[in-house]
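What follows is a short report on a single structure.
By letter and in written order, the chains are A, B, C and D; residue numbering begins at 1 in each of them.
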């Protein structure tokens, strides 16, 4: 089974998610810079979510490059990932409109965490098809980055409950910063394999 | 005539349908967990519809894999299928906002049934081009799964009218569960053909 | 210059246009069949527009099959066509909400007419690159169908002004019926060329 | 790393941006031509933005044709460009609803300027991977057109602040007119290279 349509469908869904979020930034009635001020928190949460969807697209792209085949289970793991990402616009808007208050920040973190778990599952479904000696398995290794992210999301949620939602929000930004650099592991492995072949 | 653009267009439409449904989950004004409670039925219907569109994409993917050519009639059968699926976000929102009351559940079932019929028509248009001995025709066989689904949708609609909408809803979930496993028939046939060729 | 991205971009825009129209069918508050009644004219105009966008996608698909190259002018002719089609959801909603009254029906016809003209321009830009002896030029011939459509749209607009909008609406349905059959001219030409080559 | 998915994702995002802008043209309640009058400025800003997104798609298309490989940095430069373009629908709606008053016109110009800068960065990231002797580097040259655009946007913003927003708006139209012609530099270079090879 080819990976072409899985990529096309994922690109489509991610492109729509990243774009419809802008519909939540409602156009203000006044035409002064002050009329834009109330939109500032909404805009901030928009930026973070834009970067997050960008990260997922980027890593999805990298992941799929070392994939040769997909199965029914992989298709569903991918839809599962898209499901959690599809809730990002809702959580973004709720968080932005409530100026990063406690529960919206917790929900935002929860959805990111579930997306992180879903990505982990997808990566491991793919590894199990390709075998332990595949480029994919070697590139992912123990997937410390994936596990670390989920741990940081949980820490962020707990911090939002017991300390302050801004601590949680900061932790989500930290995870984004960690992933901002595209998965160099995969890029390196592709290069190495390429060299070995020659 | 190639199948590339039919796949691309279908992927696009399905990606948009699955994603715009989230726009119906309106962001609540309050920022407490209780403010999310009224969204629960809307969210439940969102999940079911997300899975349904996922199933259609998945099966469409499987179906197209054993297709070599398309005709004008196939293009229109496909647009007909997309038409009924395009109404899913509307029916989902109506059902969710009315807490799974009688008529919305009936409409939801009716639209799913029509999508099921449209998929059946599409599959049979494709079979008639490819001939009885094609991999496609063998894989689909008598299409018992497709016929069973339509029968269960009708049963769900009748149950919603005369017994209770939750009975109907449960039957729709049963159909989703039946289809959740991607069409193994096609996967098996591809494998078998591949083996026979070698 | 390849035609791949032109097709991909057009598929994307057409897929979005055909799908976002459903967002104009606002979910009613009540949960009875009577609550759906006011949506009937909106739904009727939705169906017609869905078919129209389907026709444009279908013919665009057929047209591009006999195209080997595109130029900057072709790219802009295509964007020009997409511009008029992008206004279809607006005109559809205005016409549906006003129960097919005079001016909305006129605007709807005007936008369809401009889309028809834009398609004509696109087809002729393509012909001028491919030359008079190309499969494309032969398949299109004098493009009587394209000219007839524009004439019928103008007739529909005039009829809406002086007789009754339903006469205009009926003429738009007639044009849709004419185009419903995908452009057999192109399909035939492809077949013939294929035979001649053998 | 291939450029296929970068093109697909960009096509998707640009197709959605260009299409959802139409959702900001709210359907009026009345059914007379006068009811459309208040939409005129909104429609005017829609046309300009449609052309701008068309220009970006067109130039992106041309740019990618002379690109052989992409890197992680390129992927992010591209997402950065899409970020600024994703704000175009918001700025378009604000400008249209406020009849091209001062601050909305400034914001619109600012977002166009940032998109121009982002495109410049993307082009130069690509050049740095491909080397100074690549077709890409030769085609772009000193990128005078890109620099001129940014200068004109800044001039438009300053003019909107100190003279009148219509002066600013006119300058944005001038930039659009400059770019309307697709990047002939690249088309020429491709032709030349092709000839030299033969």
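Going forward, a residue touches a chain if its C-beta (ideal position, glycine included) is under 8 Å from a C-beta of that chain, and two chains touch if they have at least 3 such contacts.
Computed from a prediction, not measured in an experiment: that's the story for all the values here.
K.L.:
Let me check something: if the centre of a chain is the mean of its CA atoms, which chain is farthest from subunit C?
P.N.:
If we average the C-alpha coordinates per chain, A ends up farthest from subunit C.
K.L.:
Please state whether the interface between subunit B and subunit C is built from the same residues or different ones, using more than half shared residue numbers as the mark of same.
P.N.:
Different residues, largely: of all residue numbers at this interface, under half are found in both copies.
K.L.:
Would you mind pulling out the distance in Å between where the CA atoms of subunit A average out and where those of subunit C do?
P.N.:
Once rounded, the distance between the two centres reads 38 Å.
K.L.:
Distance between subunit C and subunit D based on Cα centroids, please, to the nearest Å.
P.N.:
So the centroids are 27 Å from each other.
K.L.:
For subunit A, which residues are shared contacts with two or more other chains?
P.N.:
In subunit A, the residues touching two or more other chains are 8, 12, 15-16, 20, 23.
K.L.:
In their complex, what parts of subunit A are in touch with subunit B?
P.N.:
Going through subunit A, the ones touching subunit B are 1-2, 5-6, 8-9, 12-13, 15-17, 20, 23-24, 72, 75-76, 79, 82-83, 86-87, 89-90, 93-94, 97-98, 101-104, 107.
K.L.:
Touching residues of subunit A toward subunit D in the complex: what are they?
P.N.:
Per the touch definition, subunit A meets subunit D at residues 7-8, 11-12, 14-16, 18-20, 22-23, 25, 27-29, 31-33, 36, 47, 50, 54, 57-58, 61, 64-65, 180-182, 184, 187, 190.
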